[in-house]
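Next, two complexes with chain A in common: one pairs it with chain B, the other with chain C.
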Partner chain A sequence: MSNRTNQAPGSLLRRWSGAHPLSLGGFVLVVAGMVVLPLVVTNPFYQNLWTRILIFGLLAMSLDVLLGFTGLLSFMHNSYLGLAAYAAGLFTINVNPESLWLAMLVGVVFTMIIAWPVGWLQVRTGGLAFALLTMAFGMMYYTVAWKWHDVTGGDDGLVAAIEHGLPKVAEEGMVPYLDINLGPWNLGNTSDPVHVYYLVLFIVVVAFILTHRMVNSPLGAVLEAIRENEERASFVGINVRRFKLIGWLVACGLAGLAGTLWMFLERNIAPDTMHAFEGAEVLMMVLLGGMGSLWGPFLGAGIFILLKDCLSSATEHWEIYVGLVVIFLVLFLPKGVAGLSSMLRRKPSENK
Partner chain B sequence: MEPIISTKDLMRTFGGVTALNLVSLDIYDKQLRSIIGPNGAGKTTLINVITGKLGASGGEVFYRGQPITNYSVHKRVRMGICRTFQINSIFMGLTVYENIRIATQLHLGGSGRVFARRTSLKKVNQEAESIVDRLNLNEVAYQSVENLAYGDQRLVEVGIALACDPKVLLLDEPTAGMSPKETRHIARLIQELAKEVAVVLVEHDVELVMTISDRLTVLHQGGIIAEGPPQEISNNCDVKDAYLGSTKWAPLLETD
Partner chain C sequence: MASVIQIILNGLVLGGVFLIVAIGLNIIYGLNRVMNLAHGSLYALGAYFGYTLVTGKVLLFGLDFEFGGLNFFLALILAPALVGLVGWVLERVLIEPMRDRPMIYTLILTYGLMFLIDGLIKANWGDTPHYIIPPEFLQKPVYIGDFSYPAYRFALLVGVAVVMGLLMTLLNRTRMGINMRAAADIPEMVSALGVNLKAVRVGAFVLGCVMAGIAGFLVGPLYPILPIMGHDMLISSFVVIVIGGLGSLRGVIVAALLVGFVQALAEAVITNFAMVIVYMLMAVILVFKPYGILGEGKFE
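Moving on, here comes the complex of A and B:
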């Protein structure tokens, strides 16, 4: 029995992460690859595309925390990306056009303040009702963003609301570029796509590591139990509603983080991004990549966005082909691409 | 001696049907109390109301004299009121060890630790291991419970309840669907447990109930019609009347 808990002493990194050496090696390799990517891909359009993949990967991962680890479905998780993007953007336009980190903090905190009472209500329902409520609230946010023209800029997005902002910002007519400062050091500016890419990569890697820690923590074990059997979870003493709310807030906070990054990248946010169609796309990314793996959703986001890019430049009716590919993957890879890899990895160890 | 659980005039109705009718009973520590009765007598409903799965339509439930009628399920579990289910309710996608471990984690604490590893909760893991040991599930400890034989899943069901650190253990037909050998194993386990905590057993196997129980409560149409030691119950005329004509209860009538 005890040989499971007495792990062989490994490197500090390995002990800290608790990850299998193969996975850890893979992770380091992928991150290294992402670090050198802008040196290879010098076209700003593709640099922007990769940044978007990372941001949507983070959003899809946040949905995976809910869907794959807590067993809750959020149909319009993109709305929390939108909320944070609006909050960070409005903060930059109206309050402080200098600090990137403050804008990020404001975006995430605002999202969680909205998500708290909404989540409080949602966790009091179960299953389908929960999922439908996420949609109802998502539609509400969308409508507010669309109709509250004076604040949000309405259909055209935040750029249309710049005129109401600080005089300095209004003069420029755009959400300002921000300096990326770390303490006294200036590391770059969001006007450079490569700098934005590295900023996003850094935040995404940190968020991934922390989330990975969380799902493997005792707290993660509680969420897993709720996913597997809600009734039994309460009968081992779990306050199911409270922990569902924690899972929901973590997921919304991470989505909010992705939203602030979106604002730094695009310098605009329009209601489109909060639409139900986009929500379905995020869900597809998670299913494509494989839920319950955390890294799968990044892969899903990559596949989805690259596919969309290729197909939309080839044909006007790209949605049809995306749909076909998704149907194929769902039929033949029900656990997503991540499921394929764990299938391959499990084979040899089963004979032990 | 103060009862650990007592119910006073407990009522539960479903629409127009009265499932529990003024049930008052006291359950004492280190006692094996069996609840028997024909199908639909309200045995499972009684367990559901005591454990909080169902609310009471009237009356009160007390834990060591404290009214807990409106307490949530998880709060009662934390107090030590733990149960098993008639139909397996376990964490299907998890391993045997993880099934037990989550329950030990909840009562020993540490669930709020967000960035620690699960292996860092040493006491939690040790206790989970000792319960896996106790149930003789060592060989399958790291298998997903969905791949286990039914009897072993049933043991996991009991194991989870044990891992909650029960003061009162309510077992809803733990031997349902088990082989005679597995039944003996469970029976022995239940007898051992009754030396440590209060055990409430709902069981259809009358022979088993008669041999291992300290006291019996007989439910019929939602009400208690008899209560006492096994010998007394098996001689009770009311009980015989309640089951007359039901061959399923023949062993009960033969014991005298």
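Moving on, here comes the complex of A and C:
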């Protein structure tokens, strides 16, 4: 992380991004690699897998804003992905089966509307109760999504809701494909995995740049101050609750964004996605990649999803391994892979 | 009228179970400053140990054998003790090294532990529901006039009262309990007076685990024993301790009964969204009392 109080007058780009030229180059290189990826990986299954990695990376990054920068723990951040996916899906089925951007907006706005009062309540309690409440509310969303059969389709997800009486705009009983329009131009359709991939990549890159900008702004500094020492932060006049709420809303909005992307990719959302177990997986992606780095969670999501893809066919007791890996990470690698790389980069003299 | 009595009794039963689980969680938190997210899994473990001891069918990852099966009340003492033993190992191996790290790490650690224990339970006992068979004289309903209520539920209420009585005696009358209460308040002072703080903390952790085991065993004859039974209980006990105040024992008593009654009432009126009503209650209480009805950390 660069020193933001004492920045050398560099190029405009560097000043704006607050990033070291080397990491800026790395970022451009990675994005370029992701752009050419579908040309190399032509199997639609793996194209979908990479899209999933990007979406879960975005979700994990949103959790990192909360965990690594604000110091708040959300056990069930996946529930906000689920809320947005349900909202975007229901909007597409019932209201407007054409506009992708509108569905995205509805998903994110709906998530924020739910997250606001919940966050308002959560920041009123201490840091520990905050974490417990995220779990309680997450289980509540899960229960509602599961039991409110008429609207959400219950166990099987929106697919079942479409079958049971909702308007059948959907082909093959799924949430319909959408055209990706940008102004007058039609850039593709979500029925093509490559088009979905590029859409997701574009959104994720924009979201990453904006989030990176945010955590390197005075707002980010305030959030980090709260993470480091809440009491001192309030002594210097920071309204701790207000900024915690802002951090929470940013994190939930980004999770909502990931949720709408999920809906475009999967065309279905079931309560399973909102379960505590999935929440643990997201947490694990952040831990695996390293919290407080923003790019680490993407790496974590990639490692985790590829690993799960290999392992899930080999064992049925996935829970045991998830548990063991989490315990191992906390005990021996609390900073994740990102922490490992900065540990290696640091000069021995600095390594106290 | 009969249904009103039934709702009240159901509320007491639910509240009693919540009370034992949540007070265990709060004892651990009060002394160790660790929120044990594996507590629900230990509760499930209590039920499974109870099932194994009562039926005598021991499954141990392929090493299966059978013995005659124990008396229900003997198992009621042994199963929680076994859970306490598991708790002791966990505290030695995992919690103790994490003592100086920020709380976020122990939270995530015990979260991983929860999945580990759940996974092990599922691998060992499978997904199918089990039941603990209570002794014969507790299997019939009790008649009061024309109103009948299962005898086991009455027995459970008696059990809860006995456990709480024993716990209060332990905390108020024994050297260990008094040390615990003092250490929850000012650990430095207790340590300076020559009390082995580490032993007190281990004791509190084990005590909390035993409470979870007792609750799991007591619930065994009432509800199906499933690997996921701990999840709902964990969430409910969060709600209870957040309402009652983290680390506050009296607050938990009030909150557990409150949540028990509200849930029993909500279950009787609307079946599907009973928990949602409980969350609403929690939300309303937290708006006015952000640190629980009796405040945080009142360990008495």
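Simple rule for what comes next: the second predicted complex is superposed on the first by the 307 of 352 C-alpha atoms of A that agree within 3 Å, B and C clash if a C-alpha of one lies under 4 Å from a C-alpha of the other, contacts with A are read in each partner's own complex, and residues count from 1 in each chain.
Just so it is clear, a residue touches a chain if its C-beta (ideal position, glycine included) is under 8 Å from a C-beta of that chain, and two chains touch if they have at least 3 such contacts.
Only a predicted model underlies this, so the values are computations on that prediction, with no experimental measurement involved.
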By residue count, is chain A touched more by chain B or by chain C? C
Have a look at where A:277 lands relative to chain B and chain C in the superposition and call it first, second, both or neither. second
In the superposed arrangement, does A:113 touch chain B (first), chain C (second), both or neither? neither
Contacts for A:29 in the overlay, against chain B (first) and chain C (second): which applies, first, second, both or neither? neither
I'd like to know which partner A:234 touches here: chain B for first, chain C for second, both or neither. first
Looking at A:206 after the superposition, I want to know if it touches chain B, chain C, both of them or none. Which is it: first, second, both, neither? neither
Touching A:330 in the superposition: chain B (first), chain C (second), both, neither? second
Name the contact category of A:187: first (chain B only), second (chain C only), both, or neither. neither
State whether A:314 touches chain B only (first), chain C only (second), both chains, or neither. neither
Any idea which chain A residues touch chain C in the complex? 67, 71, 73, 75, 121, 124-129, 131-133, 135-137, 139-140, 143-144, 147-148, 276-277, 280, 283, 287, 317-327, 329-331, 334
What does chain B use to touch chain A in their complex? 51, 53, 72-74, 77-78, 82-83, 85, 89-94, 97-98, 101-103, 105-107, 110-119, 121-122, 124-125, 129, 132-133, 138, 141-142, 160, 163-164
Spell out the part of chain A that touches chain B in their complex, as residue ranges. 1-2, 4-5, 7, 18, 210, 213-214, 216-222, 224-225, 227-229, 231-240, 243
Of all residues in chain C, those that touch chain A in their complex: 35, 94, 97-98, 101, 103-105, 107-109, 111-120, 122-123, 231, 235, 238-239, 241-242, 246, 272-273, 275-276, 279, 282-283, 286-287, 290-291, 296
